[in-house]
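Order of writing sets the labels: A, B and C. Residues in every chain begin at 1.
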Amino acid sequence: MSTPDISRRQGLHWLGAAVAGTALPALAQTAAAAPGAKRLVSLSGALTEVVYLLNAQSLLVGTDTTSLFPEAAQKTAKVGYVRQLSAEGLLSLKPDAVIATSEAGPPVVLDQIRQAGVRVSLVAARHNWAEVQEKVKVVGRETGRSSEADKLLAQLDAQWSSVQAQVAKAQRKPRVLFVLSHSGSPQVAGKGTAANALIQYAGCVNVIDQFDGYKPLTAEAMASAAPEVIINTTQGIEALGGEAAFWKRPELALTPAYAKKALVTLEASHLLGFGPRLPSAVQALHMRALQWVA
Amino acid sequence: MGSVAPKPAVELPVASRWRTPAGRLSRSAALLLGAALVLLAMVWGAASGAYAIAPGQLPGIAWDGLRSFFGGAVDSGPEHLVFLNIRLPRLLMGVAAGAGLGLAGALMQGLFRNPLADPGLIGVSSGAALAAGITIVLGGLYLPWLPRHLGSWALVAMAFGGGLAVTAVVYVLGQVQGTTRIGLMLLAGIAINALAGAGLGFLSFVSTDEQLRNLQMWLLGSLGASRWSAVALVSAAVAVSAAAALALARPLNAIALGEAQANLLGVAVEKTKRRAVMVAALAVGAVTATTGIIGFIGLVAPHWVRLIAGPDHRVVLPGSALLGAALVVSADAVARTIVKPAELPLGVLTAFIGVPLFLAMLRQFRSKV
Amino acid sequence: MSAHHRLSSLECRNLGVGVAKGPRLATVDVRIQAGRFTAILGPNGAGKSTLMSMLVGERAPQSGQVLLDGLELSAHAVEGLARRRSVMPQDCSVAFDFTAQEVVELGRYPHRHQPGAGEAQIPAQAMALTGVDHLAQRSINTLSGGERARTHLARALAQIWQPPADGAARWLLLDEPTAALDLAHQHHAMRLLRQWAGQQGAGVVAVIHDLNLALRYADDVLVLGGDAGVHHGAVQDVLQPALVRQVWGMQCDPVRSSDGALQYIFVADTALPA
């Protein structure tokens, strides 16, 4: 992998150094202890989705602000922003276990709830299929529904293989750009982002390969990048006031995508959540992008 | 002996124990009031929180905690754990942080001879923020040895060091031929603060999404990361600052007449200025490194003390520490219950509460400002 | 008065008066005695305030030295000096709302470790002396210019209220103490300064604008005459109409007031000196 990806991983590991170090013995412990949690808090939209897929939503006592799918999840108690958790707030829900990605923080709060006897399981964000697989396994283990999880995993693996095969058959790779709507210069996804991984999986080419993360792009740079298709989230388009308003942005006018108004939008957690809907997201992106460049 | 015209000894209007003749609260009354406010805030803070603990249980839990501290048996029921490991250290951190910020604010206002001065003027907050930003954004790539040696203390240590380093730069920039020019220091502080802000902006630009959010959250200020070791360190730093600040009260009074006059009264003006900057930097650096940026306390607390008890630094310095502690503890009690089970960043709350109160105060005492 | 007082002096030895790297306004070589009220006079720009700032040690001499009791000012310990010498500045802005009494109490700061007998009464007595005792509890920034000036005068007096233990002479230096005062208070203050010099044995040096006040109350004068040179000595000897004509460009007629004091009536002169 290129250096910036390593640095990003290093950054994640650095941030979660203490956390990861103490999480490992906890994970080892839970592997031996079979019974699942009776009260579960999920701090990731993807993990919440798996909980519902395993029909374990009765165990869910709290979720984070990104857990919005399925709709029922929106009605669970919200513990706030995953990076700024409140120890007492989490404990007031009296969970046995907390499942999260490595985004969860601050580390001191996670330590405090561990000290209170809560099992904390963290899934590292790697933006690949292995991440989704691990999420399913962790939820299965924590909800005590490992066999159902294995079945789900087999289903998802099958979906994934068929989508991969479909993508591999494509004759060409559309040149795409993921835009995070912004007031000034639009922010676009470079390397090392979830969006970039998704684009690769969908058999497209990310026109941005010069930088990492989300950065603003000038109109000229966008013109020279020349994307054929633009990807956005449905929430992003809504925030701008609809597709028509989106295409009025001056920097887009010089792109090949503008001619056909080639836009692919998906709901944000579907698109970037790296959860059980990833195969369908990849497939949707792949097919719609190909349609635009056909 | 000594008066030129033979006049009888003039009797001052009788000062009661609680009020000075000028209608202000006497020193002992003001400090007693401050201590009472801190205690009230602590009781309120102890009884509030997202986790339901019946107030009646609290004394028992506190007593158990005290016993276990001295080696007795540890009752690890959930209420005990929540109160002794989460709520209590956070409460004490609030006291220490508020005291440090209030004290530093009073020192800066005395040093700059201006009631609008704020600890941020000497650059300690922006220096801590910049160092935190560097640690969060560049730490993984350029400073991998940091977590190896300092573990989870890396961010705190860097932020503290950054605060002190930037203050030192501002201080040195204010030196002219061995004397500290306050006006120069002010300008240097403004410039360095702007530079730190730009540095933070650049770091935000090169950061990944995750790093950016972590940095943003740090900047908003929170008492959430209050483990006992952190509480002990910050309390020690604030206690040292408070002890050193005691001796500065009377010299700061004299400096209110102007540095030239204070010099002619025998005050060691340069030493006083240097000490004031160092003490403020130590207190605010330690607090900011652990809690992020909590604003307005250093500005508002000394103001209120002066309003009720007058500008004598012998009451303003300790009074601001006490009032600052009460304010932070109260604000934090609100921050962690108003949107439970989530919590609001403390820095946001102190601004929301501080600004309207400050404006109301300005309106009422327009003539005095 | 002990022998000490007669020997105590504030000496300007070849003192070059002027701002650093600026023009030389005057060269002063005089010995000012304790126990006498010395008035520093001169037209605007002659260097009176500059000289005062050098006498006080705030400004380094352009050349030469200022010696107090034979020792250079910079060689004196700051705290010890503050116990026997006080300075009333021309204006003094006070940060924050200190009351007049608190300001006067600040004058006792040098004595905080060695409080005098009747220490608690001293600020009140000083304020009574300058007539601001009824303003004790008012915030100093709400007082009029004259009241503020008298408060700072009380502070300067409070600072040297009692003679030091070793019997050394006290010094009181004032930069235009009467500038903000009204007529009655001007005379009251000048009378006070004369009494402090004569009865307390203090060395009193004040920059004054009004020649008649100097004539009436001062013992000695130090005239910075610009081109007319520096003149020092007893007031009647130095402040002759001829010198007044030379230095201030004004003709004056000496008269005796009803209480016998020498005063000058000034005559508007059509020809100004070059």
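Simple rule for what comes next: contacts are C-beta pairs under 8 Å (C-beta built on N, C-alpha and C of every residue); 3 or more make two chains touch, one makes a residue touch a chain.
Not measured: the values here are computed from a predicted model.
Student: Between subunit B and subunit C, which partner chains are common?
Tutor: The common neighbours do not exist; no chain touches both.
Student: Please identify the chain with the largest separation between its CA centroid and the CA centroid of subunit A.
Tutor: So the chain farthest away from subunit A turns out to be C.
Student: Calculate how many whole Å lie between the centre of subunit B and the centre of subunit C, each centre taken as the average of the chain's C-alpha atoms.
Tutor: Averaging C-alpha atoms per chain gives centres 44 Å apart.
Student: Please tell me the distance, in whole Å, between the geometric centres of subunit A and subunit B computed from their C-alpha atoms.
Tutor: 40
Student: Distance-wise, how many Å sit between the C-alpha centres of subunit A and subunit C, to the nearest whole number?
Tutor: From the centre of subunit A to the centre of subunit C is 80 Å.
Student: Within their complex, state which residues of subunit A touch subunit B.
Tutor: Against subunit B, subunit A makes touches at 7-8, 10-15, 17-18, 62, 77-81, 83-94, 103, 105-109, 111-112, 115-117, 192-193, 212-215.
Student: Once bound in the complex, which stretches of subunit B touch subunit A?
Tutor: Where subunit B meets subunit A, its residues are 49-52, 78, 81-82, 85-87, 136, 139-141, 144, 146-147, 151-152, 205, 207-211, 213-214, 217, 222, 224-227, 230, 336, 339-343, 345.
Student: Subunit C touches which residues of subunit B in the complex?
Tutor: Touching subunit C from subunit B are residues 1-5, 7, 9-13, 20-23, 113-115, 250, 253-254, 256-258, 260-261, 263-268, 306, 310-312, 368.
Student: Any idea which subunit C residues touch subunit B in the complex?
Tutor: 56, 58, 78-79, 81-83, 85-87, 89, 92-99, 101-103, 106-107, 109-110, 112, 116-118, 121-122, 124-125, 127-129, 133, 136-137, 139, 159, 161-163, 192, 195-196, 199-200
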